[in-house]
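Single-structure report; data block below.
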């Protein structure tokens, strides 16, 4: 069962239904609860969440600040130990894998990256091959080839010898994506890949992401802040509020004025984009009505 | 390597806000705190008169204070301990106020003259003066004050040059580097001239032992000047807490005020160093406690710093006499043991409060 | 870009690297750090010869070299073999250990100012080692004591500031506080012993190669022998630590394990070096800085750092011995005079 069939989010509300729908997906969360903090200050951010991430598609996780979307992504990437439930990778608990095995299946691009002095693009992309290397097998022809391919896919070959620190935000983000591509993983997890970029660079990165899913068949999961971009570039939207999924499915089906009001407490109207047919938000204004309670 | 990146664990604004509001509501009025602070200062003064490394015990000392006692006891208490206590009081007050002023000027709760190399500057200047053959006690004060002024100016220019204004911790690092440089140079002077070594060693460790009242008298004019300037400064300084633009909007002259305040810090810390050697952490711990008790307004902080400074310095001095009789511990050791935890506490606070 | 793209010839190594393959084994080494290490090794050799030559009795380079191997006049051989050579070796070993420890700690903390000396580890080790030297009723060897002191100081500095992963300056100041506490502790112990014992311990507390003893030097040698290969083995993991933790984890690195080993290594090396030479922490700041500069910030220059540290230490000791001869300046003071302005410069120059 794939995303197209789960059109009505309300029909999928029981965890059992969603679980059944998700069993074919490579990566999924099963009754997953995530939180942080010691006993007294403990906060549960994600509460018993079940979710499947459709293979070969771009999934965007959207929601208001503090709804737990980044925490969910960290949980999916094996960065955080669940309190209960599990993240299943190819049907097996992700924490049953070795770190390196996960790195061969999931590539992660965190929100905050840090470009150390002196690192060039090619060096950065080379790091993507680390999950396949050892202390005494540091570089092979295959590594060489895959790094070249990753750089070609992200369209940064011409920048190979440039230092990260000297590049524009969009170029740098493409370099990071190339590193993730060099990991040769079927899954790619991105945390707000365009958060610090201007409009032009945002589109540059989103189009790259879309191409990777549609042409190379990668499964892409990204946390996106901006609902409009999510509608425009994602095939599948997961809307989160206070640690729960309140809607999921194709943008055109899921994104309704009612959902927008629930998520962000604003009124809007939706019209289909004349070019792409994806929903466009217009006439956005504030309302007093907003779902109470939030995580963190 | 790169500049700071706050990790999510560090950033918890809500918890911090809760703490702050709690603090504000728990703050006490000056007139509630002041009598207690003065009482504690008086008690430590008394303790300083009663206890010492020598043979004269507390009972004998009490007799002396009551106008009786043997000649020997009278000599010890009145000629040795009383001047020492007096010097300790003055030094404590000067260091505490110097610290409080410096923290306001640098808008940084960590700006402590001892940590930032101001005391080290004073020591170094005196060491150089001794190497060049100067002897007079009165000269020491002036020399120490000019050394302190240089240290102050250097550190304050650091504040302006680097991002120290936004990042209070960087200033401390710069100060630590300056301190370690000056201490090394002072040690070097000590190595070069063995003759002056004994005299210089005092300028490296800090102590109240064997200081005469003459030293205090010779620093009195500069202390008086510092007090007058501080009285004039208090109001504009309290406005500068709101930011320099606001202060000039209120009709003050932030640049002039800052310059005068730096001069005052140098006068106070230089004189204190000339009297007792470099004594760190008094200027950090005392204003910290004062602010915690009655808020950040420098006018209140300064008043409270007077008795609290006396308390801290004299209690450290009393302990230093009692721990290893008949010899004494360096005073700086004890103030460090008392003050370094405060430094750590300030840094541990979730978000460094700016002043 | 005029240089050939690293992608075109599939069989050639990427730009700036040396690629060695044999069957399944392969190494990819960055050229710049290797080059830096070569230059530093050469400079260290020259400085070593100079250190053997210069002193109260000046020798020619060839005489000094021969005497190091036992040839030449008896007096010359004695001076070189018994006095200058052990001192030189102690300088090289302590410099390498301090500097390598500094490079490890800096990488760990993601902060070039985070050296063991600044965060109080030196002072912790010194306090405990002084305790064993002045006989505070504990009869453990100085290296062991130094190690316990270093471990306690590290635990305090990191524990009080909220963990190893904390980037930024906050934990440095916590470390300064911890260091000040231990420094006061050292003074306290020195104040309790006789003035003679205190005087004899004085040069050692500021850092000097005079007070070295053979046992501690052996321990240091062992620590280096084990530590350097481990550090090089860690190199790849350390390289990813230069990015954020999440990136390193995403690449399959066992981040917490790499951090833990790195921390231990840094602490052990620092403690062993302090037991020989006292707190000469500035080497840990200057050495890696030179290494990074020479290797043009490529990778984590572990080997080059160790060599640069050794070079700096030997030069500083040489300067300390000869500048005010016959008066000797402890190497710790020389390093503080040279290193502190450098530290200031870093602080003032680097952007926020």
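Order as written gives the chain letters A, B and C; numbering starts at 1 within each chain.
Everything below uses one rule, namely that contacts are C-beta pairs under 8 Å (C-beta built on N, C-alpha and C of every residue); 3 or more make two chains touch, one makes a residue touch a chain.
Being a predicted model, the structure only gives us computed values, none of them experimental.
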| item | value |
| --- | --- |
| Comparison of A-C and B-C (more C-beta pairs in contact) | B-C |
| Chain located farthest away, centre of subunit C as origin (C-alpha) | A |
| Between subunit A and subunit B, centroid-to-centroid distance (C-alpha), Å | 54 |
| Approximate Å spacing (C-alpha centroids) for the pair subunit B, subunit C | 34 |
| Inter-centroid spacing, subunit C versus subunit A (mean Cα positions, whole Å) | 43 |
| Touching two or more other chains - residues of subunit C | 110, 244 |
| Sites on subunit A at which at least two other chains make contact | 112, 114, 116-117 |
| Residues of subunit B whose C-beta touches two or more other chains | 1-2, 5 |
| Subunit A-facing residues of subunit C, complex | 1, 3, 5-7, 10-11, 13-17, 19, 21, 24-28, 110, 233, 236, 239-240, 242-244, 246-247, 249-254, 296-298 |
| Touching residues on subunit C, where the partner in the complex is subunit B | 106, 110-113, 118, 160-163, 165-174, 176-178, 180-181, 183-185, 187-188, 191-192, 206, 244, 324, 327, 329-330, 332-333, 336-337, 340-341, 343-344, 347-348, 350-352 |
| Residue numbers on subunit A that touch subunit C, as the complex places them | 74, 77-79, 98-104, 106-110, 112-114, 116-120, 122-123, 126-128, 130-131, 133, 135-141, 144-145, 147-148, 151, 157-158, 160-161, 180, 183 |
| Subunit C partner contacts - residues on subunit B that touch it in the complex | 1-7, 9-10, 110, 115, 158, 161-163, 166-167, 169-170, 172-174, 176-178, 180-181, 183-185, 187-188, 191-192, 205, 280-281, 323-324, 327-330, 332-334, 336-337, 340-341, 343-344, 347-348, 352 |
